[in-house]
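Next come two complexes, and both contain chain A; in the first it sits with chain B, in the second with chain C.
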Partner chain A sequence: MASTGSSFSAAIPDADSARTDIVVGLTSHNDAETIVAVTTAVRASLAGRFAGVASRIVLADAGSTDDTAARARAALEGTGGLIEVATPRAAAELLDMPYHGVQGRARALRAILTTARDLGARACVAIDAGAPTMAPQLVESLTGSILHDDFDFVLPFYRRHPYEGALTKGVVYPVFRSLYGVRIRQPAGGEFACSSRLLPRLLDEDFWDQEGVRVGIDLWLTAAAVSDDFKIAEAALGVRAHRVREGDALDLGTTMSQVVGALFADLESRADTWQRVRGSKPVQRFGELAPASAAQGSVVDPERLMESYRLGYRELRDIWTWVLPPKTIVELGRLINAPAARFQIDDELWARIIYDFALGFRMRVLARDHLLRSLVPLYLGWFASYILQVRDLPPDAVDERVGRLGAAFEAEKPYLIARWRWPERLRT
Partner chain B sequence: MLEEFRRALEMATMRIIDGIANFLPGALVLLVLVVGSLVVALATRYVVLRMLRSLDVDRHAELLGVSALADWSPSRSPSRVIATAAYWSILLLGLLIGLTALDAAVPSRFAMSVFQYLPHLMAAVLTLLVGGMLARFLGRAALIGAVNMGIQSARLMSLAVKWLVLILAAAMALEQVGIGQTILRLAFGIAFGGLVLAVALAVGLGAKDVVGRALERQLREPAPREDKLDHI
Partner chain C sequence: MPPKSSASDPLWYKRAIIYELPVKSFFDANGDGVGDFAGLIEKLDYVQALGVTCLWVLPFFPSPLRDDGYDIADYRNVHPSYGTLDDFRRFLHAAHARHLQVVIELVVNHTSDQHPWFERARSAPPGSPERDYYVWSDTDQKYGDARIIFLDAERSNWMWDSKAQAYYWHRFFHHQPDLNYDSPAVLQDLLQVMDFWLEMGVDGFRLDAVPYLAEREGTSCENLPETHAVIKAIRRHIDGRWPNRMLLAEANQWPADVRAYFGDGDECHMAYHFPLMPRIFMALHLEDRHPIVEVMQQTPAIPEVSQWALFLRNHDELTLEMVTDEERDYMYLAYSADPQARLNLGIRRRLAPLMGNSRRRIELLNSLLFSFPGTPIVYYGDEIGMGDNTYLGDRNGVRTPMQWTGDRNAGFSRADPERLFSPIIMDPIYGYQGVNVEAQERDPSSLLQWMKNLIGLRKMFEAFGLGSLEFLEPANRKVLAYVRRHRRDAILCVANLSRSVQPVSLDLSAFSDFTPVEMLGYTDFPTIGKQPYFLTVGPYGFYWFELQRRDP
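Take a look at the complex of A and B:
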């Protein structure tokens, strides 16, 4: 059996190690319910659209305790196309607290990318085996633009309910756009595809062994891809299906601390890169976005969110003054007694708040976990403001509204840069 | 008789001179030690203050929550408090060493007992400092967590956590220095025992129906997730 030559063990039949064009990697953890459907859909996609192309499916399981791997093998029996990569769990991870995201995903992704590099694949696709339904054109959409149009990194773009993914729309997307100058709507999606040109670059990154990689891996991979001269694209897909895993039952404070913490950590590590970027460019989008429908989404009561904001202002204002200047505190205070019709957090104000928190994260003015959790009431206030603005808008207008938020973050970037370079101006 | 008077006077004078001669070296050593320790204390205070200010200790202490201790001093500066504490420590140390040089039994024993007491005093101070930092950290964590859960009395919960930790730290410090050990143990026992009994009575008598229904619901069906929204 040939070895991948990496620190991860893999069983690659010698006969098939010569040439592979496409590697489809599946990350899994206790996904026995969905693995069969996903592997079957992937196999069908490869057999159909890429019938004449050498391809392999790699299963990187992060220590499932059910029969995920056995079911995957059974689903692909006879095809000779499954490579299983072991991703041993480090002793330190045994004490891990629950976190947002798939258990062991970073290790699994590293194993998949390593295997793809060792096999000399032209394109590598990473898919979460926990998706309850997989868009039939997922593999084709992600891989096609790499093989035929010479792109290096392709992310999916799903149609989502206007209220879903508010943290991505309100914080992750606009910050990412402002920092790196690319308008990727879902920079931390669960799936992606990368070219052979990008593979060694991703594997050479030093974040694989950093604290926080478990949560931030998807975002950090995207940041690595956009930080250099690689061609980025989005693949329009349907409605995103999401299965609630055990880790997804985390409270908003923990989610905020982990996700926004990963974003701010990336901001800190690539300060030299993003300070040189000005403006932003749209990315090429392939495929047709699923038609907008009256999507069934959660009903969110903005009044409850506003009440959370008011409680946060009353009790956490002293903590906020550690990072927010007096002018911002005053503007936030004006919203306390504002009725729903006038409850609005301006895009520019929201951008400055996020930037100030990023600076506070960098300066460690407080324990970082406390700082990020104290952002929750502000986020809920912004969310309420956002809902009140978009609840009567058609989906395209909502997209445009999110785009304007991104533009506001870009416009306030000099504010971030000035405070980053002269941190003694924090709180003034 | 005059001869006897003269001899007695001579002997008394000699005893006084002998006494002074025996005492004077020790007193001179004491004086030298005190002056020397004063000089060292002044130099140490200057150096420590400069060093702490260059390390921006005042700002870090404020962030860690130990600056409250500095509120007791007029300057309200932790750096100055530390430097002053170093100054007086060296000065007192010099005085105690000087006292032993006098070869006076009582002052010597006093000095030795102070030296033996010092480790306990330092442990108590350290316990108070760590307790203060921990109280502030946990109080803030409780406040943020309670606010994010939508609890209106978040500030009250935070204060309760903070003061509980502070009281524990103070009790441990007092036990370390050996002050009121018996009464402290009794007070804690009575207070906590009383608190637990009061809570048990309140829940057991006043809310037994509510608790029963809640337990029944828990056993019958799992609690639904309040918010199914995916924020990511």
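Take a look at the complex of A and C:
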């Protein structure tokens, strides 16, 4: 039956629903190309390692116009069937800008989590059916620590090239670590698994109908999980393969606005939680990390990034003075004429820049989208500085370098809290 | 399915910060010189940006306006000067869309003498149900032990009505006959009035003049058991049909008497703490914490779900009913050397003039308001330090138009100045040219920006709204120090009530090994040890500390 928003109904077969240990939820939107491979892999995984475990596969399709659902049904014929929960897009969504991820992803995830809760599942895994290949051990890796070690929330940890996922490394990870005291490297991983204990808590969150949920949902789910006394783990899952969907290719400004906007929106809604957290703890990681050589990266020219930074400084300096204090602006000015050898944005400075943008976002000193887009050249400057520092380092040292950045964000956290609590208005 | 109010949290009123405003004074959208609901809607973004979470809207019902709307002539409509019922609905919707709750005023004790119920009663034969809507007597000698409240305006609580050929009972102005709650029909009608507004979505009622609902011979006719029975009936009715709605009692009484208005959590959710307010002013002027500590120690515990409503100033005079005669003399001398500022048993002034326009004192008093156990109420205009006009008669001097800009009519209205319902404040100190929202929004160090910060900070710590209170007793009585605790949070508040820097030694042995973190700057102070904790506090200064236990 069709549904919108928070309510939906699923055709849950009664006979087999007496006991369910694992619910594997697939989110899809026009994924006819990949759905069979993913469904087959999930089925193989459940039939193999989880042979004695009662499991269900739930497809939450966000109004595909191709035959995604039909192919999934066919792939699972004779296996006890598929629970389908339809989550068509809301009318308003059709007019929105494109964004990363599956259309209607939040509603799809909500439907999957609700089904898992209603079935009394001990663990629920959410998988993007658009992945071109699925790691054979994915379901097992994500749910093993929940079923056997009492963990509540498991995120994937993918091996990535040092230059890939830089926005996560440079902004999302360090902010998340500093705020919630949990060193999750990829807080918005796309896949995740959660325990029966966490399920009702996630469903109880008030972000499901909030503005920006389509982009922020993965990060917000993780934030909800770490905000309370739940046990968090990472599962090493090799290298993630991406399939670029139609409309996915976004400019950096839009990505910045959406990803960092979701992060900052989370700060706003959980201020009373993160302001009580001091320090950070590592999270337990299960599984074997893929070799560094498996992660491919594109070639990035730091000189071009620096040039973008310099152009941004000339064009956007005035905008930045709304959020960045004079000392920061002066330090940024020094970089304009710096040669590559001395082009370096210190971790502390970068942390304060991100925090000042978070404060500007909260105070609405400028239109939020404009403010976040103006962060792009600063980010490119940071990225150049980062590449110049890590390009000759071995993979473990890069990892350690990113960890140091996270520690710097932690050290600067009082700067954020003090200004959050008693805002300074640089310009009015 | 009845429409929901905006509140999903049953204890929302304990976490709230209330902003009190008269619609007529806030913003005039149609240019007729009187504020209206359309104008209020236009200014909701301002209210939201201020950070308050709930609006308390003063009476807006059709009324002859002989007591500024507290003389209601029709409980189910909007005074045409302020707009229409549809305007009110739009306002309610717009407020809820901004996550602002709305509490409206309900005068339950009396109506206007122009209310149809009274018109009907005075013509109805004695003993008839219609007549019994009000309290009648053949003599003006009944209930002689009841005091007269509006001493400056009334000589008796009885008024002769020639049409009815009888006296009617009124505790306030003579044109405000008291409803007779001995008649069951009155309560039934009032409950229907409440349903009317609750169905629309209002989040609560302020029950005006609630101690006076019943009259009995040989009593003061205040706080009678029969009055409490009526309130319990109201609460039962509301709880049965309208979840998460709130009742706020206006009972200007001693704390022990006000306590009864909470019942066992089965009467009003909230009640004003009237005696605290004058004692805060008194303590400040005496530079001695004693009056505050004393009144708080006399304040009985209240049920878990109940909450005090705290305020510094409101639309009435600074009432001095709940002080001793000597204390009242002191307050008159200290705060109203000008007799023009006195009215009834009180002082008709706004916060800033009472503080001699001292920014530090205004901030200090607000710091107390926002850190004491209860829900703070900010009176419109006090967030920008507006002044008053004691020459306007009654309490109109503290109800002047909101000062939005330095433009004509303070940006309140496009009407010709002489058409405004009240003159704008235009003296050289508090005049609208200097004291206005627009200027203070541009000034990073303005009182308005400071208030926004303070409100934001208060909202971050539930201990302020929900926590317990323990006073410390340092030898230096110029310093007021107390701890608020809620769950794992402990907050230490220290305030210097004097005009000079003060040293203070605090016994914080209960918090040995805790680190005080100053809240505004998130600055660590030295860890608390076994010895008394020494601080110095600047003139009228205050500190709020989070007491944090650090993991080793």
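As a convention for this text, the second predicted complex is superposed on the first by the 414 of 428 C-alpha atoms of A that agree within 3 Å, B and C clash if a C-alpha of one lies under 4 Å from a C-alpha of the other, contacts with A are read in each partner's own complex, and residues count from 1 in each chain.
Quick note on the criterion: a residue touches a chain if its C-beta (ideal position, glycine included) is under 8 Å from a C-beta of that chain, and two chains touch if they have at least 3 such contacts.
In this text the structure is predicted, and so the values were computed from the model without any measurement.
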item	value
When chain B and chain C are modelled together on chain A, clash or fit	clash
Which of chain B and chain C A:L366 touches, first, second, both or neither	first
Broader residue contact with chain A after superposition on the shared chain, chain B or chain C	B
Touching partner for A:Q275 - first (chain B), second (chain C), both, neither	second
First (chain B), second (chain C), both or neither touched by A:A47	neither
Which superposed partner A:A397 touches (first chain B, second chain C, both, neither)	neither
Which of chain B and chain C A:A74 touches, first, second, both or neither	neither
Touching partner for A:G253 - first (chain B), second (chain C), both, neither	first
Chain B versus chain C as contact partner of A:A411, first or second or both or neither	neither
Chain B versus chain C as contact partner of A:A340, first or second or both or neither	neither
Superposition clash, chain C against chain B - the stretch among 204-212, 402-410, 456-464 or 528-536 that is involved	402-410
Chain C-touching residues of chain A, taken from the complex the two chains share	271-272, 275, 278-279, 414, 417-418, 421-426, 428
Chain B partner contacts - residues on chain A that touch it in the complex	100, 163-168, 188, 242, 248-249, 251-253, 255, 259, 298, 300, 307-308, 311-312, 315-316, 319, 365-367, 370, 373-374, 376-377
Chain A contact footprint on chain C (complex, rising order)	441-444, 449, 453, 456-457, 460-462, 519-523, 548, 550-551
Complex contact set, residues of chain B against chain A	63, 137, 140-141, 143-145, 147-150, 152, 154-155, 225, 227-232
